[in-house]
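Given below, in the form of structure tokens, are the structures.
Two complexes come next, and they have one chain in common, chain A, joined by chain B in the first and chain C in the second.
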Partner chain A sequence: MAEIQALFHGFSVAFTPFNLALMMAGILMGVLIGVLPGLGGANGVAILLPLTFAMANQPGGATSAIILLSCIYWGALFGGAITSILFNIPGEPWSVATTFDGYPMAQQGRAGEALTAAFTSSFVGAFIAVLMITFLAPLVAKFALRFGPREYFAVYLLTFCSFIGMTKSPPSKTLAAMMLGFALAAVGQDSMTGALRMTFDQVVLFKGFDFLIAVIGLFGIGEILITLEEGLAFKGMQGKINMKVVMQTWKQLPKYWKTSIRSSVIGCWMGITPGGATPASFMGYGVAKRMSPNGANFGKGEMEGVVAPETAAHAAGTSALLPMLTLGIPGSPTAAVLLGGLLIWGLQPGPLLFQEKPDFVWGLIASMYLGNIAGLIVVLTTVPLFAAVLRIPFSIVAPVILVICAIGAYTVHNSMFDVWMMLVFGVVGYVFKKLDYPLAPLVLAIVLGDRAEESFRQALLGSGGNLATFFDNALVGSITALALAMLFWGPIKLVFSRLTGR
Partner chain B sequence: MKRNAIRKLPGVLAALFATGTLTAAAQGWEPTKSVEFVVPAGTGGGADQMARLIQGIVTKHNLMKQPMVVVNKGGGAGAEGFMDMKGSKGDPHKIIITLSNLFTTPLAQGTPFSWKDLTPVKMMALDQFVFWVNSAAPYKTAKEYTDAAKAAGPGKFKMGGTGAKQEDQIITVAVEKITGAKFTYIPYKGGGEVATQLVGKHVDSTVNNPIEAVEQWRAGNLRPLCVFDDKPMIYKTKVTATMAWSDIPTCKSQGMDVDYQMLRGIFMAPGVSKEQTGYYVGVLKKVMDTQEWKDFMEKGAFSQTTMQGDEYTAWVAKEEKRHEGLMAEAGFLAKK
Partner chain C sequence: MDEASDKPAASVRAADLWTAVILFVIGCIVIKDSLRLGAKWGDSGPESGYFPFYIGMLLCASSVANFLLAWFKRRHETFVSKESFKGVVSVFVPTVVYVGLIGGVGPVPGLGIYVASAVFIACFMRLLGKYGWGTTAGVALGVPLAFFLLFEKWFRVPLPKGPLEALLGLA
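Let's turn to the complex of A and B:
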């Protein structure tokens, strides 16, 4: 039980008035950052990084510095759900899956319930991930080492395959949207040969299409266009607004314990490998839809459809810090910036960090427990406040959303071209919705398309072009087999039910 | 709460801009607004780390009266950042940190820019390259390893590296030319990932920079074979129980005459005045005098070569010629 002892030592490091104040400040800033689309956790942490530089020079200061930054990260994870549920505009890419059921709930006047469910599940996911980090860190770090290019590709394949048939649209439309996403993800540099493709010599296209711009446009602008057409009104403004809703929702949540556990496992795994919070949230949603008895109602405002992605996203976001600390590999863009911070403060992440800097590591882990509890309290008390936003007339809120979206799109790369791209994506989003094409597969393909391609080609380079490499050992073979099973789930189920029917 | 959060924001902004007090300088040019520090690479890499360290030191020691803002423009292997600088002719509020992609990107992609489109300010350091294998592998010297690779036949041994047709692959080709071994080169996105792939035995060797691999070396997972420089590194403090950076032999001494370092230098946009470059040279000199900078140099085992002015310009010109030669030999030049 050396871990318990170390953890309590960590609590003694983290539990000072100064650190607690930093925690609160970090969570508040993080929530604000999470609410604003485009201004992601990575940007927020990067902006504040230089401020912590002076802080880190005092004794124990590195711990305070990372507590501040990681709490911004927790806050952003919490905050991303707010606009997804209220306006169908994901504040962060990992909140896209939350819109599927969160927004329909808000439209039915159940915004308070959806927000409470989202925040609580986030907390549960994070808490399970921290428990795992506390007790299994060395084991898990070793497991992560077994992931080479072919294992990564198998994981991405699994994410994509679990998506087919997940939305209400027919599989052919899902596939078409996904393929368009792959095409967009291919723009920019081909990382295997260094050549530029589909850029038409336009410097603005060199960096490719950022999925943040696509998310803001497709969901944010697209949603506003739709609402404009449907007559300038929010549905669901009649929702109840008081603190009772928190208690009522909590009464219902224990029902979904199976989903929570499944999503936590998916999240922890995706955070470590490192797939990141975005694929974790999609996979969590997809698996829950398949496994849950209420699966057929997903997408129509089912609370379980909010619980699943939020639990997975937060578990992944939290466990992504583990490969960063033990391997120096960031599991998410925000973790990448935090990694830069560690180096500047004179801490070198690596296999020896746990032994050499126990104060820092266990202080950080203790702060994960405290920060998430603080975060939950902060966001839950604000549920009525955020739910009340829906009572403001659309004619006032819409321009504000539009301006925030534009600022968000601009901040991603400080580029005006991105704002135009956002508007183009907005029109695409509108057309997609009118023709009943799903948006999420498009976004997923833009987010993961180039990474999947890269792993696929790295794996084939290593195997000399032999596809059998994806079944080479038990680990990669079972992930690939699982992915293929997911892909052909529909036909398999059909055959199965016919066989058992006769 | 929301009001609270919003009330916090001005405080943060004030703190961010606290460095910018408006006492005008008596002489010389000084920035009149915030300075954009362009990183032609993604977040978390070597160039990004150094840029953010410089930003941190400048903020902490109040070396500039205006704030410095780091901006990543890594699209197209850095072409995005370089094209941005080229288009900002005469703008003194923009500086850029370079890595070898200053040379390799235009040569490999045919992007229309060269270092001559920028104004050299100061060389901050040179980054070393070390030949690494997994510590479980039987090879103790570079020769043993390359002989084994040669004996196994072409494509049997995998070399992991950062990026395609960039420094890591250039070194790989140079090693192949000299030893006759043929590797399968597998490009990855970042140096840390490359080091971990070697620990996980997904590749057989790497040419990681010291800072990318040092922790895995200390943990006993990696073994350095040699350093791609004509003299050993200067850092004599023990890194592992038995070895210091200075104990790693040169590749030349092992019969593999490959010498390659990577420029970590600062440039400005074209068409800026001598006064303006002079200002930044002054600030960067102060940065290099701080203890934080010196610690960082030692931790990353950098070569602390520094230059400015004509000497720096001449060095960059020579280095471009050398890259052209290396890349032509490797067949990496863009088809015109």
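Let's turn to the complex of A and C:
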């Protein structure tokens, strides 16, 4: 078992006092980010990314930096549940489904139970996903060594087609958002010929749009504008957790093992194919409602209704790192930001990373185990603290968050133009969100646009312009076919249900 | 919420139609620039505009679909009510002013991020939150100071500074 050995080596890398301290700091910051409106996993990590530049330059520092950032991510995943259950306000999109049963439980005075159930199932989901990463990632990486440009393009195609097939937004809106992302990615210098594209002689546009700015604007500013509109009256339930409640809840949880396993599988699948945590949580909830004997009670404060979406969301959020590490293709906006970090630190994600930087990869994987254990302990003990943060009036929190976003956008390239762009993206985020244009494909298209184009052109160069190259052999052909199946998933499902329904 | 404040400032339909039109125009710009660069198969493979050309085409096509969907669906729900819109504008406009204050606009020099943040937070709390001077001053001075220590001292990430920092010899 080479993986086990590598993993233990990873533990020895991750298990230093400095890294453990970073883990705790990351989790605490992450929960805070997850709790505050307008700051979420993706833009929170994006804002804090520049702080790691200096850290990553030291020997072994990249591992510490990714541990810090990934723990912020785990923390944000945990934190979303707190606001959902206590305040009926999803702190993160993936915790919307948690409000369905979590808030009724809190109203019945069972907030402690709901929180314990949410945190524990988050932990279970993440743990299963990390186990999967541990054993699957090296295999995928080894397999991907055989990938050439056309295989890569096929995988990119699969990524984007699954968005169209899997997101709940209308396909034409998903496509429009995605193409806007690709168009933004194309601005600036063409990486292959050096020609300037869509810059219109504006010097500020020469280096193109940075997706980190887009993330901070779309998710940060846009989110705050939406929050303001709803005129947040933070009237929350009291959330107290003591050991007795935790123990009682833990005794009940094993009953729901089937739901946990189902949700984990859904989550892992949705995380690897870039469905992301949000649809995974809804799917987890929906499937549990249909399959569970208590399904009729869902929505009235059923603990299983908290377990199902939380497990799926965490499993998806965690497994989104698998394609990021092995192929360099992130499965979620937050994974995309982490990928951006890797690139800035001078690490090239992809199959070679496992061979060239085993310390980094296995240190990160080991830190996922440790970080989630630390996360569970931290959230179980600090809920009252974060509930108090939420009681700070919005007219104090909002300007501070806006200041943080501005600082975050500025530090990416030390450029004021970026801060202005952040405002523009903020308006785009606000409008898109209200009109049901999905933001994740837009962000991923900005991140992956250049590389998708590069692999597309290289593949065509190899074949002399013949598109049939994407069906040339079994490997690339099956990926492309799968991509097309995902693209037409909606109609396929419809036909299928008609056929079986009659 | 009373009826008067619930009046729509814009309907979903109008917002949908306008968004589709704007995206269509962006698509056209992309196509136009791709054609300028050359969107065909050149001597050394695909030209610079080859890939973006199709991106622009797909953007235009999907925008047309979105436009038609919105046109025929006739959804008249409120996109944003007047009251909510006022709330959004009352925060967005100060934020724009804030960004202008940081770096300055045109020939006018900026105040730097710390002073601008203090002014922004103070105005926000006084005008929108109706806080007393004490609380306002505490948060408005404390937060930028904390960020100053965090960024300039600990992480050594320099942020934009203005005349005040220059006066204090910190720039």
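Keep in mind that, in the parts below, the second predicted complex is superposed on the first by the 277 of 502 C-alpha atoms of A that agree within 3 Å, B and C clash if a C-alpha of one lies under 4 Å from a C-alpha of the other, contacts with A are read in each partner's own complex, and residues count from 1 in each chain.
Here is the rule we use: a residue touches a chain if its C-beta (ideal position, glycine included) is under 8 Å from a C-beta of that chain, and two chains touch if they have at least 3 such contacts.
These numbers come from a predicted model, not from an experiment.
With both structures placed on the common chain, the touch criterion links A:195 to chain B and to chain C.
In the superposed model, A:54 lies in contact with both chain B and chain C.
Using the contact criterion defined above for the overlaid structures, shared-chain residue A:337 touches chain B, although it does not reach chain C.
Contacts of A:346 after superposition: chain B is touched, whereas chain C is not reached.
In the superposed pair of complexes, A:475 makes contact with neither chain B nor chain C.
In the superposed model, A:46 lies in contact with chain B only, and not with chain C.
Look at A:6: by the touch rule set out above, it reaches neither chain B nor chain C. In the superposed model, A:25 lies in contact with chain B only, and not with chain C. By the touch criterion stated above, A:148 is placed in contact with chain B alone, chain C being left untouched.
Chain A residues 50-51, 53-54, 190, 192-193, 195, 414, 461 lie at the interface with chain B in one structure and with chain C in the other.
On the side of chain B, the complex with chain A involves touching residues 1-2, 4-6, 8-9, 12, 15-16, 42-44, 48-49, 52-53, 55-57, 59-60, 70-71, 73-77, 79-80, 83-84, 108-109, 111, 155, 158, 163-166, 184-189, 192-193, 195-197, 199-200, 202-203, 211, 214-216, 218-219, 221, 295, 299, 332.
Per the touch definition, chain C reaches chain A in the complex via residues 12, 15-16, 19-20, 23, 26-27, 29-30, 33-34, 37, 41, 45-52, 55-56, 58-59, 62-63, 65-66, 69, 79-80, 84-85, 87-88, 91-92, 95-96, 98-99, 102-103, 110, 113, 117, 120-121, 124-125, 128-129, 131, 139, 143-144, 147, 151, 155-160. The part of chain A that touches chain B in the complex is made up of residues 25, 28-29, 31-32, 42, 46-51, 53-54, 57, 145-149, 188-196, 199, 203, 206-208, 327-330, 333, 336-337, 339-341, 343-344, 346, 348-353, 378, 381-382, 385-386, 413-414, 454, 458, 461-462, 464.
Contact residues on chain A toward chain C in their complex (touch as defined above): 50-51, 53-54, 170, 172-173, 175-176, 179-180, 182-183, 186, 190, 192-193, 195, 197-198, 200, 221, 224-225, 228-231, 393, 395-396, 398-400, 402-403, 406-407, 410-411, 414, 416, 419-420, 423, 426-427, 430-432, 434-435, 437, 453, 456-457, 460-461, 465.
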